[in-house]
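Should a chain be cited, it is by its letter among A, B, C and D, assigned in written order, with residues numbered from 1 in that chain.
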Amino acid sequence: MKQTTRKAAAPGRPEKYPPDWLGMHRMMLLIRHFEESVRSLATAGAVPGLVHLCAGQEATNVGVIAALAKGDMIASHHRGHGHCLAKGANVFSLLAEILGKDAGLCGGRSGSMHFIDLDNGNLGTNGIVGGGIPLAAGAALAARARGGNEVFVCFFGDGALNQGLLHECMNMTAIWNLPVVFVCENNGFGEFTAIDDVTAGPSIVARGEVFGIPSKMIDGMDVRTVFTTTQRAVARARAGKGPSFIVCNTWRFGGHHVGDKQDYKMDAETKRWLARDPIPKSGKRLIAEGLTTAAKLKTLEAQITTQVRDAVDRVRNAPEAAATRLAEHVYG
Amino acid sequence: MKQTTRKAAAPGRPEKYPPDWLGMHRMMLLIRHFEESVRSLATAGAVPGLVHLCAGQEATNVGVIAALAKGDMIASHHRGHGHCLAKGANVFSLLAEILGKDAGLCGGRSGSMHFIDLDNGNLGTNGIVGGGIPLAAGAALAARARGGNEVFVCFFGDGALNQGLLHECMNMTAIWNLPVVFVCENNGFGEFTAIDDVTAGPSIVARGEVFGIPSKMIDGMDVRTVFTTTQRAVARARAGKGPSFIVCNTWRFGGHHVGDKQDYKMDAETKRWLARDPIPKSGKRLIAEGLTTAAKLKTLEAQITTQVRDAVDRVRNAPEAAATRLAEHVYG
Amino acid sequence: MVEPRVITFREAVLEALFLEMHADPNVMLIGEDVGAAGGVFKQTEGLFKTFGATRIIDTPISEPGAFGMAIGAAMAGARPVFEVMFGDFMTLCMDQLVNQAAKVRYMSNGRASVPLVLRTTMGTGANLGPQHSQGFYAWAAHVPGLKVVVPSNPADAAGLMRAAIRDDDPVLFFEDRMLYTAKGAVEADIPLVPIGKARVLREGRDITLIGIGRMAQFALDAAKRLAADGIEAEVIDPRTLVPLDQEALLQSVRKTHRAIVIDGAPRSYGVTGEIASIINEDAFDWLDAPVMRLGAADTPVPISRTLEPLWRPDAARIEKAVWTLLS
Amino acid sequence: MVEPRVITFREAVLEALFLEMHADPNVMLIGEDVGAAGGVFKQTEGLFKTFGATRIIDTPISEPGAFGMAIGAAMAGARPVFEVMFGDFMTLCMDQLVNQAAKVRYMSNGRASVPLVLRTTMGTGANLGPQHSQGFYAWAAHVPGLKVVVPSNPADAAGLMRAAIRDDDPVLFFEDRMLYTAKGAVEADIPLVPIGKARVLREGRDITLIGIGRMAQFALDAAKRLAADGIEAEVIDPRTLVPLDQEALLQSVRKTHRAIVIDGAPRSYGVTGEIASIINEDAFDWLDAPVMRLGAADTPVPISRTLEPLWRPDAARIEKAVWTLLS
């Protein structure tokens, strides 16, 4: 009954403190390098199963999560490494899990798509599109019942917009006024299908408004926009005013999964989005504002490169799970 | 492969002909008397299982279906006797089915909630709330694929508004521009729960508009309003312009099912709705317009009373299904 | 020990719910019309008045979303009892049940769990027809990570409900609606019944009758009739299908050398196959005949008053099967 | 008869789809990325070019709604092949499958039917983990009104797919992704394979190995190894679980007196229980030992490269089981 003794989160009002733009930049860099390493490892055949990388979507991952307090929780999805890192997952544990190693946070049995990290308030990545949505909404219901003041975010892709599950959860969080922030990472595609081909109606934000949920579409390539928008939604939720819906327009720089040839993308479009890469954009602004220097950013990048490379090296040599693990933890 | 040889419906443009207001009145009367008989039979213990009566909702049942051509199809729901009759079900066959008799259209195995009558273009009542919605939408998809010009109506209650399934089907019919008319019979309650307690958002019609579907809320107690609104939606659908959504505000004069004590209803509200009974309203208008006389309506009512009474008598004496029927028609 | 009273199955389970909600503020009740309305079968009557709208949640008709939320609530510290009004509607929750609830403990390497009860109703006898009669415990039993309870009497139902709520894994709890008015002795403090222990409802030496849920009651009825003819049937109620108390079943069969497994769901690919196979495998040398299986017809459930009763086993059919097996 | 060629399982089924779509304009294909993209496993490649967007429908990620629509389409004269990308997502379609598709013929007293194929993939071997490996044919087999096909080789898969599309009832078609690249001789006109007939893949006198889907291939591998040691195993692929060709299984067991049923889904409450029970019941006197069952572990499927292969039976484990049973 471990969970029943969990305490309510500390009041946590990150909105009171000045935003840590530098920290967000650092996290985006970490995610980018992490994903690049996973891509290399996957291409080399070191990753069991399928991996879906979030390179390109870092501003969304980081901007949203940076607006959360420690006890707040998220539910992620199949393209979720960035969320996991931003929510505090240990680089080595996550990488080891993705490689299916025994030392992975989930014993190497869950991999990229089923990574659960409750200690960091992460209800998990999810192999079922939309699967995390009710988990976050339900966690909010539990928090409300025990008088907690935590806020719950569920991330989902544009593909999940057409799942009835999302509508059901939006409706329920709205009637019950639950502290949930729905975040759609709209990268324009679900697998190889363009969002416009499968998504009816004049506007995506209307899909939240229809339930009376304040809804907004924003530039998901700008970490500051994402952060400040989320911050308002979080404050609203924490104040007991109910759910919000944020659509972050973004782009996955890679394909659906490692190995996808991406013939369904147009070159011009790809170029346009690459030019909006959230990381250089954030870097330039930090320098312009005097919050850092080009040299310092270089050092930072070198540190991160080393950090990730070290993790890769350690993980490569980490042992696979022993046979005895197969039947562990089916029941408590 | 019986179905593969089904022909496309006759072009059917009922919109060209003057509305048969008198016929609609007659059908509403039939439904009312039918439902009263079922109520008596159920109260007397003659009906196996649960029955949900539609008395009060006749204008919606009849007004919608009168706007359809012969080859058009409907999908009904648990409160569906009115739809079945309006779509052409034989009074005796339907009643026998509701009483679980062998002579019932479905052999007495399906009863009130699972009556299927494809010959009359009725995909069936349904014991699963919302269950009929994708059936009608899918039938539309099939019709489109074979070049047919039929129109498909799905009826559902306000309770189904919060089922994800509805949203999924609205989205798909919208992106594929299918000839579907979504008809919500909004009687204010799902079982014992008021719609407002479980349904978020400023407006029900927005639930269709969000998918770009023309949506309208109308007086479901006025058969003429229902008819003309549906007629426009049907014409739109038949012209290849896609789905529509109509919310008919109505009231179930009885409870959720026969035996429901209805303590959750307010007396004043009940009174107000009873005063809007669609049948006297329609009758008065017919007389005022000179389309009939009070005397003729009396005769009509007497005829219908006799018709239903005769059916009841026949059904009462009809035999129960023989044991050999149990295992029939599981597979073809 | 507190004096037992004779109360109904429904009352017993209601008391169990009350006790657990009272004992643990993390216990919540979630479902359709379970609050103010007290449940469509009066199975939650009175709880709302005591525990209110933060702990008893009336949902819209949104089974997949609402059940998914119950799982999220469980992951975050609540202990929800989620009610699926009719077992037939469990079909709407299978994704959340199987791909989330059943696997969270495994996928998290034991770091998270889903302490949740999915409570649902089933059974024939009230002519509710094809979409309001089914119980899919066979499906649930096939999914690693789920526990499956099918009680047959008030005391077990209440004690198992308490145990299910206290269990740290997802437990599916299947109630036969026709048992709701069945009466039995229940001690006032409602002793916990451990999940995974079968119960011998009647001792006998000639044959073992293993009945699932209400079928255990029919088996008892059959046993009484058979006793008049000098046949002493042992009647066992496994009570929980997962974990299954194999040893209790085997022990009985080693004594009687004959067994019939009786189920009220369609026979093919239902739970009788598993139970019969286990006995055949592990007590082969003690068996005088292969384990016999009685199940419902492999058809949907008809509403007809003449057909519905033919659909599943009853005492008469069990009695007949015993004579067949003994001859 | 047209000369057989050696082609892959995937190619064979693709040809079957092509033939049926060509022969009957009512056949439609509905699923996610099955159109222009040609299927995420390239299992529908090229069809879109020939049959276009009215007959090949790329759906949003809306499994319950889209599958429900396929049922409605089938009731209204189409013959849809609905694709569920991963068998794990079938959980999302259970309501429509069980409460509508399976029951329409019965509920309409034979006046309506649902001529539809639900095609899905399953299987381990590519480390796809807990939510991308499962095959729920045991559930489907428990639902009256559904037919269930689990092919093990290219010719059967193609012939059964044709038969499934022509069948007037809902047929579930489970494809093991690891077989997609398996090759076999397939006659160019793709003969229909009747639904309900088992196939003896290898004759033998010492023991009967009954393998479901890919497990039949592992059983064949095991049989080859055993032959080197003088054991002649008969290998039978039931091919369809509903209807099940009981007679073919019984005939073999009456000859060999021993049987192992091998399945690639969790063993408990899976299909092996039903098949073993049928043999125990109907061939009890011919059996020298109880029917043995091999199944996958009663755990979710782990992604780990060392753990995943341990999860389900393989040739080595089957061979070992044969030695155990023979000794």
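Please note the rule applied: contacts are C-beta pairs under 8 Å (C-beta built on N, C-alpha and C of every residue); 3 or more make two chains touch, one makes a residue touch a chain.
These numbers come from a predicted model, not from an experiment.
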Most distant chain from chain B by Cα centroid: A
Of B-D and A-D, pair with higher C-beta contact tally: B-D
Whole-Å gap between the CA centroids of chain A and chain B: 46
Where chain A and chain D are represented by their mean Cα positions, the distance between them in whole Å: 37
Geometric centre distance via CA averages, chain D-chain B, whole Å: 40
Centre distance in Å when chain C and chain D are each reduced to the mean of their C-alpha atoms: 30
Junction residues of chain A, two or more chains touched: 107, 109-110, 114, 126-128, 131, 162-165, 167-168, 171-172, 175, 197-199, 330
Residues within chain D bordering two or more other chains: 59-60, 62, 64-65, 88-89, 95, 99, 103, 106-107, 130-131, 144-145, 297-300, 302
Residues of chain A that touch chain B when the two form their complex: 162-168, 170-172, 174-175, 197-202, 206-207, 209-213
Contact set on chain D toward chain B in their complex: 24-26, 28, 54-55, 57, 59-60, 62, 64-80, 95-96, 99-100, 103-113, 115, 144-145, 147, 166, 168-169
Footprint of chain D on chain B - complex, ascending: 1-4, 6, 73, 75, 104-107, 109-110, 114, 116-119, 123-124, 126-128, 131, 133-146, 164-165, 167-169, 171-172, 175-176, 328-332
Footprint of chain A on chain D - complex, ascending: 32-33, 36-37, 40, 58-62, 64-65, 88-89, 126-132, 297-300, 302-308, 310-311
List of chain D residues in touch with chain C within their complex: 64, 88-89, 91-92, 94-95, 97-99, 102-103, 106-107, 130-131, 134, 136, 138-139, 141-145, 241-242, 265-266, 268-277, 280-281, 284, 289-293, 297-300, 302
